[in-house]
Amino acid sequence: MENFAIHIHESYLYGLPLSVVNLIVMFGAAFVVLLGFVAPFAGLLSFIERRIAARIQCRIGPNRVGPQGLLQFLADGVKSLFKEDLIPKVADKPLFIIAPYLVFLGMFTSFVVLPFSSQWIVADLNVGILYLFATAAITVVGLVMAGWGSGSKWSMLGGMRSAAQIISYEIPTGLAALTAILLAGSLSLQEIIAAQGPHPWQWYFFDNPFTFIAFFILFVALVAEGNRAPFDLPEAETELVSGYNTEYSGMRFLFFFFAEWAHLYVLGAILTTLFLGGWQVPESLLASVGAESIAARILELVFFQLKIYVLVFLVVQLRWTVPRVRMDQMMDMCWKYLVPIGFFCVAGVAIWMMLFPDGVSFVKYLLIAFSSAMVLYYFYKVYRNFKDSRAELELNPFV
Amino acid sequence: MGIQTEEMMLNMGPQHPSTHGVIRFVVKSDGEVMTEAVPDVGYLHRSIEKIGEICEYNGFMPYTDRADYLSAMNANQGYAMVVEKLLGLEIPERAEYLRVIAAELNRIISHILSLGAVAMDIGAATPFVLALKEREKVNDLMEALCGQRLTYSYVRIGGVSYDMPPGFIERSLKFLADFEPFMDEFENLVPENKIFIERTAGVGVITREDAIAYNLVGPNLRASGVDWDLRRDMTYSVYPKLQFEVPVGVGSQGVVGDSFDRFIVRIKEIKQSISLLKQCFAQIPEGDFLGEIPRVMKPAVGECYVRTESSRGDMGYYLISDGSKNAFRVRIRTGSFTSMSIIEKISRGMMLADLVTFIASLDVVAPEIDR
Amino acid sequence: MSSGYFNNIKEATVSLFNGFAITLSNMFRKPVTLQYPDKTPRSVTDLMPERSRSWLKVEMPICTACLNCEKACPIDCIKITTEKDPSGRVMSGFDIDMAKCMYCGLCTEPCPTGAIHFIPEFERASFSLDQMISRFVPEGEKVVPYKVPKKDKDEEKNSAKEEAEDKAAEAEPDA
Amino acid sequence: MNFNNQVSRIKEKFADLEIKSEESQAGDPYVWVPANKITEVLTFLRDDEELAFDCLSNLTGVDAPPDDLDVVYHMFSYNKQHSLTLKVRVSKSKPDVASVEKLYPTANWQEREAYDLIGVNFTGHSDLRRIMLPDDWVGHPLRKDYQEEEEYRGIDTTRPNLLEM
C-alpha cells in the first residue's frame, strides 16, 4: 500500500505532501474495496441465498432483474440507498449511527488475512487465526450498540441475546480451531494450509476422529456466531419483530446484512482453511498450467472458492431446514455439548499426536470411507424423497 | 441476588409477526422470562352478530364466511344447520354429502395452514411455504366447486348452492393420492425434527381439567386428552355413516396437552379427513343438491343452539327467532375466543419464545375471536 | 442421564440428516410459482373455473326487472330504478357497487333468466371508488325489461333460459 | 338424561324457587331461573352426580324488549353427554347478575363480552372491562334500542352510499 502511495505521489500528485496522498490513497482503496469487492460480493451471496431458499420452497426466487435475476442485489442496493434514513426520537443517536459500521468493520477486517491462494493474501499474519476470531468479535459490540441505541425494547432484547450468544460461542470456536492449530503447529493461516495437502487424506478433516468431530463443532459454533438460523435469536422475526435491526432503515440496515453475508463467506473460509486444505491444488494439475503462472493462482482461487461455496450452500440449506432454537437451549447446547466435546477433541488430538506423530493412514481411510458412505446414503435418500412425492402443482385442474 | 432488575412492559401486537392478525398481548417480562401476558382482543370486531339481526336468514350466510375465514365451509354448515332446525327442513342426502366433502376439504386447508404457521413461528420458513403449496391445490378444488378460494358461501339453507362440477371426484382423489406422501414428508421435516420437539414438547401444557373448565374445543381439547369429537359423539349430517378415529393427545414427546400434542393431533386429523373424504366420494348418492325451501323464510318463534365441529372445534350458533324474516338474535360461539382466554393463565412464567409457540399451537384466528 | 446425553446428539444428527435430505430433494422439483401476470402459460382469466365468482355482469337485453337480485343482496349493493313510461315499465338505472359487493352470489340465484351472472374476470382494480360502480343502463337511456314469453308452464323455465341465452348471444356484439 | 328429568331434578333441589321450563314452538327447550339464585343453581348443576355439567359451553346476553335483558347459559356435560339451557331475566334499569367466573373460568371472557355488547352487569367479576369495543365507547350495541353515535373520536361511523349519489 505504501509503495503504491509513493508511486502515486511521485507520478501524479507531486505537489501534495506525502501524508495527504497516503490518506487519499487509503480512502480511495477503502472506497474501491467497498464498492468493487464487498458490495457485489455480499450481493451475490444474497442472490444465491434467495435462490436456494426459493428452490427449497418450490418457488423460483428473484428472476426479473438482469439475467436470471443476477442483478437483483443492485436493484436492492440502490433502493436501500434512496430510502429515508429514519432515526427514532428516543434513539441514542451517536450509538445508533455508529453501530452498523462497527458490525460491518468487524466482519470485513477479517478479509485481510484470508488466503485466497498461495500468494494472494493481503497480510499473512503469524497470528492469523487469532486475528480472525478477534475481529469477528468486534461485531458483538456493534450489535449491542444497535440494540441499546435504538431505544426500542425489542431491539434491546435482540442486542442482549446477541451479546450472550456470540461471547458464549467464542469458546467452542476457539477449542475446535485449536485442534487444527495443534496439528499444524502454527497460527498463520498460510502455514496451516501448507501443512495440509490437496488430497482428502491429507486434510485435517480426516486426520483423526477428533478433528473430524472438531470440524462439526466449529461449523455449528461459527453458524451460531454469525447469528444465522437456527441460531438467529437476535433477529428472531416472530419473537422480537426483527431484533437489533428493528429500527434501522435504508443503508444502515443494509450494512447489517452486508455483515451477515460476509460472515457467511468468512465462515466457509475459516473451515476450508483449517480443515479442508484451503487453496491446495493437486501437483499434477498445477504443473500442467505452470506452477508459477497466474493461471495456477487462479486455479488455487477456484479450488478455495469451490470448497467455500459448498459450505455456504450447507449453511444456507440449514437455515431453510430447521426451526430456531430457544435462548436457554442455545446456551445449553454451547455449555453442555459443544464446550465439553471441544475440550475432549483438543485433548484427543494432543494424545493422538503423542501416540502417532505421523498419523494413521488406516484411520484416515476409514473416516473417508465413512463420510463417503454417508454422502452416498444422503443422496440416495434425496433421490427417494424426490421420487416419493409428486409435488407438481397443476394450475386449475378443471380447465 | 443483589442485582436489582426491573420489570419491562412489552406491547406485543396489534401488529406483530407472530399474532397472525391483529391481537395484542400486554407482556410483562423480566428479560427473557415473562411474568404475565394479557391478551387484548377486539381489533377485528365487526359486529357480525348485530348484522345477523338485520339480514335475512339467507343473507347472513356470506357473513359466516367472514366469521372464520380459514374454515368458512364449516362455519356455513353450522349456520345452515341451525336455521334448518328452526325451520324444520329436511335436506337431500346428496347435499349432506356435499357439505361434508366441502367441510373436510376445508378442515385440511385450515389445519395445514395452522401446521405451517406453527413451524413458521418457531422459525422454520420452509414448512410454511410447502404447506401453502398444498393448500393451493385444495383452494383450486374449492374454487371449482363453489367459485371462491376463501369465502366460499357454498352452503345454502336447505342444501348447497351448486352440485359438483364434472370430474371433481377424480381430481379430488388424485389430489388426495398426492397429498398423503406430502404429509409423510411434512412429518419427517417438522415434528420429527429434534429442535422442533425441544421447542414444543412440554411447552404451554393445558391439563384436562383446565381444558374443560376454560371450554377449549376441537383439536386443542383433544390434545389435552379429552376423547371428544362432536362429529362422533353428538353426530350430525352423514357422519354416522362414516368410519373415522378421533385422535387424542398422548404426550408422546412430553406431557399430555403440550404444544407438540396439539400439533400432532392436527396432523392426525388431516389423515382422518383424507379417509373421510375417500369414504364420502365412494358413498355419495345421486339426487338433488338443494331441497324444497320456502320462498320466504320465516321460522316459528323459538330458539336453538347448534354445535358443529369446525376446524377450530366446536362452533356454536345460538339463534333466536321471533317469527319475522330476520333473526332476533344470532350468537356465534367460537373456539378461538375461549382459546384466547386461557392464554393469560397458562403463560405465566413462560419464556418469550415459548409464548409465540403457545399462541401458534392454539391456532387462533383473529376474526374468529372478535367476530 | 449419560444415555440421554448421547441420545440427544444422535437424535439431533439423524433428524438434521433427514431434514437436509428433504430440503435438497425439493430443490430438484419444478417450482410451482405462477408468474402472474406476464409469464403465465395461458391468460389467467382462461384458467378461472366456470363458476368463479369474480365480477358481476348483467345482460340487459334479458333482464326482466323483477328486482329479485336487489332484494337478495344482503348489503344492498344493487340498485335498480324503474319508471313508468308510455310504453310500460322501463328501467332507467341498474347500478352495482362492486366496491361494496362481497361476491357471495346470492343475487344470481333468484334471477329468472340468468341475466345477472358472474364472469371470470378480476383485473378491475381502480384508484377511485366511483369507478367501481358498474352502470348497466347508460345515462339518460331507458331499457325496456325483457318479457318471458308465455308457454307451457312446465317448459317455461327451461325455454325461457334458452331463449334468453340466444338473445344474449345476439346482443353480445352490440355490447 | 333428557330435559324433563333434568328439570325435575333441579326442581327437587330448589323446591322453593320459581323455576319454569319453557318449550318453544321450534327448537330447544330452556329453563328460567331467578337472577339472584343463578350461582346456587349452577353450583348444584356442576356438583350433582346425576347432572354433572362440567362445561359452560356458551354464555350470552339477549335483549328482551322493552325493558329486560336475558342472560343465557348453555350447559354441557362431557361425562353424561347431555346439555341444558338456562335463562335469567333482569331489568335494564338494574342489570345485575352474579358472576359465575369462579365456577367456570371460561365465563370470565364470555361475561366480559356480554357486559360489553349487551350491558349486563356481572357482580363479583374480577375484571369486568369492555372486551371488543374501546373503553370509551358509548352504549351497548346489541341492545335493540341502541343508537350508533355519529362519529367516534372524529371518525365518521358511516360511509356515504355511492349508489345514491
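By written order: A, B, C and D. Residues from 1 in each chain.
The working rule: a residue touches a chain if its C-beta (ideal position, glycine included) is under 8 Å from a C-beta of that chain, and two chains touch if they have at least 3 such contacts.
Note that the structure is predicted; figures quoted are calculated from it, not measured.
Asker: Which chain's mean C-alpha position is the greatest distance from chain A's?
Answerer: Of all the other chains, the one whose centre lies farthest from chain A is D.
Asker: With centres defined as the mean C-alpha position, give me the chain B-chain C separation in Å.
Answerer: Result: the chain centres lie 26 Å from each other.
Asker: In angstrom, rounded to a whole number, how far apart do the mean CA points of chain A and chain D lie?
Answerer: 62
Asker: What whole-Å value do you get for the distance between chain A and chain C if each is reduced to the mean of its CA atoms?
Answerer: Distance between chain centres: 52 Å.
Asker: Just curious, how far off is chain D from chain B if you go by their C-alpha centres, in Å?
Answerer: Between these chains, centre-to-centre, one finds 24 Å.
Asker: Going through chain A residue by residue, note those that touch at least 2 other chains and give them in order.
Answerer: Residues 56-59, 320-322, 385, 391, 393, 395-396, 398 of chain A each touch two or more of the other chains.
Asker: Taking each residue of chain C in turn, which ones touch at least two of the other chains?
Answerer: In chain C, the residues touching two or more other chains are 8, 16, 18-19, 22-23, 26, 32, 48-50.
Asker: Okay, what are all the chain pairs that touch?
Answerer: Those chain pairs which touch are A-B, A-C, B-C, B-D, C-D.
Asker: Contact residues on chain A for chain B in the complex?
Answerer: 53, 56-59, 153-154, 157, 160-161, 229-230, 232-233, 236-241, 320-329, 385, 388-391, 393-398
Asker: Of all residues in chain B, which touch chain C in the complex?
Answerer: Those in contact with chain C are residues 55-56, 58-63, 65, 126, 130, 133, 136, 143-148, 151, 153, 156, 161-162, 165, 185, 188-189, 192-195.
Asker: Going by the contact rule at the top, pick out the chain B residues touching chain D in the complex.
Answerer: Touch residues, chain B against chain D: 41-42, 45, 47, 49-50, 85-88, 210, 212-215, 226, 228, 233-234, 299-305, 307, 314, 316, 318-321, 328-329, 331, 333, 337-338, 340-341, 345, 370.
Asker: Contact residues on chain D for chain C in the complex?
Answerer: 161-164
Asker: Contact residues on chain C for chain A in the complex?
Answerer: Listed in rising order, the residues are 5, 8-9, 16-35, 40-42, 46-50.
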